[in-house]
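Every chain is named by a letter (A, B, C and D) in the order it is written, and numbering of its residues begins at 1.
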Amino acid sequence: MPAKAKIGILGASGYTGAELTRLLLRHPRVEIALLTADRRAGQPMRKVFPQFSPYELPTLVSLDGIDWRDAGLDLIFCALPHGTTQAVIQSIFAAKPDAKIVDLSADFRLRDVEAYARWYGHAHRAPELQQKAVYGLVEVYRRDIKQAQLVANPGCYTTCSQLAVLPLLKAKAIDTDEIVIDAKSGMTGAGRAAKEEMLFSEVSEGFNAYGVGHHRHMAEIDQEFSAAAGKGVIASFTPHLVPMNRGILATVYVRGNRGRAPTDLHAVLEKAYAKEVFVHLLPFGETPQTRHVRGSNMTFIGVANDRQPGRAIVIAALDNLTKGASGQAVQNMNLMLGFPEAMGLEQVALFP
Amino acid sequence: MPAKAKIGILGASGYTGAELTRLLLRHPRVEIALLTADRRAGQPMRKVFPQFSPYELPTLVSLDGIDWRDAGLDLIFCALPHGTTQAVIQSIFAAKPDAKIVDLSADFRLRDVEAYARWYGHAHRAPELQQKAVYGLVEVYRRDIKQAQLVANPGCYTTCSQLAVLPLLKAKAIDTDEIVIDAKSGMTGAGRAAKEEMLFSEVSEGFNAYGVGHHRHMAEIDQEFSAAAGKGVIASFTPHLVPMNRGILATVYVRGNRGRAPTDLHAVLEKAYAKEVFVHLLPFGETPQTRHVRGSNMTFIGVANDRQPGRAIVIAALDNLTKGASGQAVQNMNLMLGFPEAMGLEQVALFP
Amino acid sequence: MPAKAKIGILGASGYTGAELTRLLLRHPRVEIALLTADRRAGQPMRKVFPQFSPYELPTLVSLDGIDWRDAGLDLIFCALPHGTTQAVIQSIFAAKPDAKIVDLSADFRLRDVEAYARWYGHAHRAPELQQKAVYGLVEVYRRDIKQAQLVANPGCYTTCSQLAVLPLLKAKAIDTDEIVIDAKSGMTGAGRAAKEEMLFSEVSEGFNAYGVGHHRHMAEIDQEFSAAAGKGVIASFTPHLVPMNRGILATVYVRGNRGRAPTDLHAVLEKAYAKEVFVHLLPFGETPQTRHVRGSNMTFIGVANDRQPGRAIVIAALDNLTKGASGQAVQNMNLMLGFPEAMGLEQVALFP
Amino acid sequence: MPAKAKIGILGASGYTGAELTRLLLRHPRVEIALLTADRRAGQPMRKVFPQFSPYELPTLVSLDGIDWRDAGLDLIFCALPHGTTQAVIQSIFAAKPDAKIVDLSADFRLRDVEAYARWYGHAHRAPELQQKAVYGLVEVYRRDIKQAQLVANPGCYTTCSQLAVLPLLKAKAIDTDEIVIDAKSGMTGAGRAAKEEMLFSEVSEGFNAYGVGHHRHMAEIDQEFSAAAGKGVIASFTPHLVPMNRGILATVYVRGNRGRAPTDLHAVLEKAYAKEVFVHLLPFGETPQTRHVRGSNMTFIGVANDRQPGRAIVIAALDNLTKGASGQAVQNMNLMLGFPEAMGLEQVALFP
């Protein structure tokens, strides 16, 4: 039996940190060797997430003072907030040039550092690292990820939207001017920070859109849609909050071009995903539900006729914490460390 | 003090029946004189809806054998399932030609009986009554409703969609070929019938679209959108289910025509609803939440910029059981009986 | 028509403040003349609670600098956090000795200032006012409340537990050594402060006890149970959190003494509450559900046989924000201002 | 690699059937060879539970006409409704005397067939099989289960209550006359039958007790409590419904006898469960939450002081579909087939 790879999770007190911990605790080839959480440093993980109470895990430590060169980590997951991430990753590579990192923040997702500056309001602090970073949507960039040292794990909305649309853009099967993405997310997508608008009593028994017209995730969608289409694409995109913990569903309205019917679009997706283990295309006319992918790394996609001739509705569903964040990050890790891509990600969805 | 109007509710054991009862119990000018529920006939209302336990209400009776001529009812709410409704209303008018009825089913909403036959799969059974029926969207047909004997109360999805879009169509302010309505509803919209897919465990912690491409409510939307636009309009429309009890939110993607900006569309709505007590337009850029209209007869509407130049997002929210069904029905009753339009509908939303 | 009483709400940005606003907006004899919220001072109420967007309300102001003498308020609701409350109320009475105040905090509920010091860890800061304060459980202290200037509105858990048990203690019908109260509350009972453990994702899809063995509300229960029994009574009490917004249910296990059967206990409650408008006793064997009192000022109580001979189970349900807080506060206001006790509190529960 | 054991699931269209399928799909030593569901016979499992869409599973068949002798099944899970179960299991043993069966119904849990007749209203139809049946609470009957051919898998409420209390009774550490169990369950415990009272809109945003004083599960608790105590024990027991999918929490009020303090009771449990992989005792004073065991086979138990001297509160939490039903059934299967007890049950809880 080969030695287990030693893994660090930076920012383990958030939901993506907990999800990484859940998945890695049962991964046969890795060992969780480091957990950081600055505000909770010194506490056992069970104080922060009681579900881990029965398991052996390292005590939470602060990021400060870690000697990255001697830490002996084979791969690091970075689940830190935007802003701190760039500096932390810079310092890791400075100490250990051969480090391998999967970053779950948005900091390295935009290849164009000027687009970054425009969306985030400040110059990128590690543009040289941005050049090394590979965008971690496995189904598109699998080959590059295997060689990468720094992978920018995609956002949850964008993973869901891209898996629904990218093959259609690549095949030039849809009109690029009329893409409308109406997206809905569970509350874990908003993280674990204590904010009034995220309290149970503010969220339960209600539904709303937010960030209408100016959600930051759009930059990432623009980049990848344009790359797939070979020309500039801007889609309409509206995120909404659903009173549930996990799940994203994207309802995408498209128009087939050059006479392509909705069934033709279904055929394009079928071909694109025939060999993908984590993308499951439903029979034409069936559409997915978030509850059927909960806790799994699966994306379910369906295609149906719109009422307007020539238009189709493509709907994709995934678990924002798994395929939309930590599950995809483990998928990336598996590629970077030479493990089978699906290892540790075999969980069947938990329904009901 | 004038005598109270005597009111009957047919189909009182469903959710719209309960909502009518809740509202009418506190209406100063009416008295609930008749409650029917065939399966529960003979039972007190408190067995069917324990929240009414402290109040005096008539015992539930069967529809069969009611002598409509002698029942002494000033107005009847018909909250019966599709199909039985036409026959029941026919028999009421046969016995009492001057009856006043607000029908909450879909049976009399389509003016074109051929459209009805196409959508519902059988010929309309009371085409002569269809001619008398007035479509009960108060903000549009107020004048006709005051004279009507039979009002077809609009559906919940359609009320929400129409209030968001009709003034824009009337003003010829938007492109009629690119209207996308992405609608989301709480579970009470699906009624109280015991179906597996409506069980708590099937619904909670999940989100999905349904009836994609072929929801029956579209016929009603087509009719009213086309009437407003003065030409045939077909909008894309996808309904979704939210794990909450009450509320509908419609996210509508439109394109302003002849250079109209989103702020221009906002101005059109502002003018249209300046005097409406139950439609509240939010300041430009703000968008509504269903929780803020819960239990009230209010519709909140917001308009924001889309990312695509020339496009706007209009979002409307209402409570599907109140403004989307029983509240609007009481609003219709008030007009038909000559009461102030808002009487008994003053409840402030229950949040949280 | 008599002039409307002018009312102030201190701490209007919390849930009890919102509930007071909801109720008072529709109360025929009052006018909301002052709303305070220190952190949100200067903002319109609609920014803090968008459901009030359609209504005219005073802008939120800071407590500092209010001249209580000239403010012209007929009654003040104090919905401030524990600690600040005592000082604020002291300053109000100093400026305006004939002020009338209903305090929704716990600051004036314990008649024994030493018990207060023991439970809250510091000496009471206004012991002379404590002497004036009347405990505002209307069904018990109605006569005193009518004369009071300062009413200490009871807590939500304690209102629910007391209404279930007090008449049994007064009638000496149960064993005082074996009272077990297992209580469950919706999340609004925990207030609107942004705390991690109150986030939607921490609360949804789960259930737990908290504060086991040492909840502060117990002091209030001890005081009132002992007063009713005429001797010291300590009950077991465990609060739990339910993933819902509103509602408290208390399951109380008692043993009838001197041969009293559960039906005898039911008879005691029936007699005690025969004339109460806001306490509704269900037929023997039926037990209440929180959903059937949601948004109303009602308390539903049921009594059933335990499996153990001689023991009974008494279950009470109320809405923690209405009868458990703001509704009861308005009930107290009505008594203090000479209005009919139920005025403005007639809302029927919102179900579903 | 040894051949995989062939497994049948009878009644696969219910929630316990789905949970068995979820667990067995990832169990390294078994293969799902048969799935039955009479109403859904002929359909693929993905039509009944879409979460299984990506996996290969047998088509659902009817029970009728299965030749149990030739079916080649190494073990059968019986997740059928009460009533049919006895006849089906009888016919299986008649055809294949060496069959191994884990029954998830209540049909074989009561050793005393007269107690069965009293609680269920009819004579037991397979009393000779009842003699063979072993009660499948692994932590108590592990040794017998390894030899058993027919295991009666315990109920969810009873598993939770028993794990909290049995060691205390065996150690004669608590008063047997004053045990109060206040239990709360998620909705999946009520099964998948389409009933009005289980609809989302009837359940969400509310809380209630049910079956007060006469829940059938009490017979099972009586039997096992009495066996552990060595004398007749009757506990008070009240079940409640929580608006969540999964989870049971039992709050148990006990009185230590012969001077035993709550910490002594904690010590008794600590000793009893020191080697149990699926029972996790929290440090004294901490109490469990259902969300932290969701989807796992864990039971978390906590002990705390009651306010009344001499009394303690013991709280246990488990997932009703996993440890409370299908997970425990797989645990039983592992013992019966000679596999490691925890095999296939290693999933970490899914939180949030």
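Operating definition for what follows: contacts are C-beta pairs under 8 Å (C-beta built on N, C-alpha and C of every residue); 3 or more make two chains touch, one makes a residue touch a chain.
Computed from a predicted model, the values in this text were never measured in an experiment.
When the partners of chain A are compared with those of chain D, the chains appearing in both lists are B, C. Chain pairs B-C and C-D differ in how many C-beta pairs are in contact, and the one with more is C-D.
Among the other chains, D has the CA centre that is most remote from the centre of chain B.
Note on chain placement: the centre of chain A and the centre of chain C lie 45 Å apart, centres being C-alpha means. Averaged Cα coordinates give chain B a centre that lies 36 Å from the centre of chain C.
In terms of their C-alpha centroids, the spacing between chain C and chain D amounts to 40 Å.
Residues of chain B in contact with two or more other chains: 15, 186, 188, 201-202, 204-205, 243-246, 288-289, 291-292, 294, 351-352. By the touch criterion given at the top, residues 178, 180, 182, 184, 186, 201-202, 204-210, 212-214, 218, 234-238, 240, 242-247, 249, 251, 253, 285, 287-292, 294, 304-308, 311, 313, 315, 317, 351-352 of chain D touch chain C in their complex.
The touching residues of chain C, when paired with chain B in their complex, are 15, 18, 21-22, 25-26, 49-55, 188, 204-205, 245-246, 280, 282, 288-289, 291-296, 298, 300, 321, 346-352. Residues of chain A touching chain C in their complex: 15, 186-188, 192, 194-196, 198-205, 243-245.
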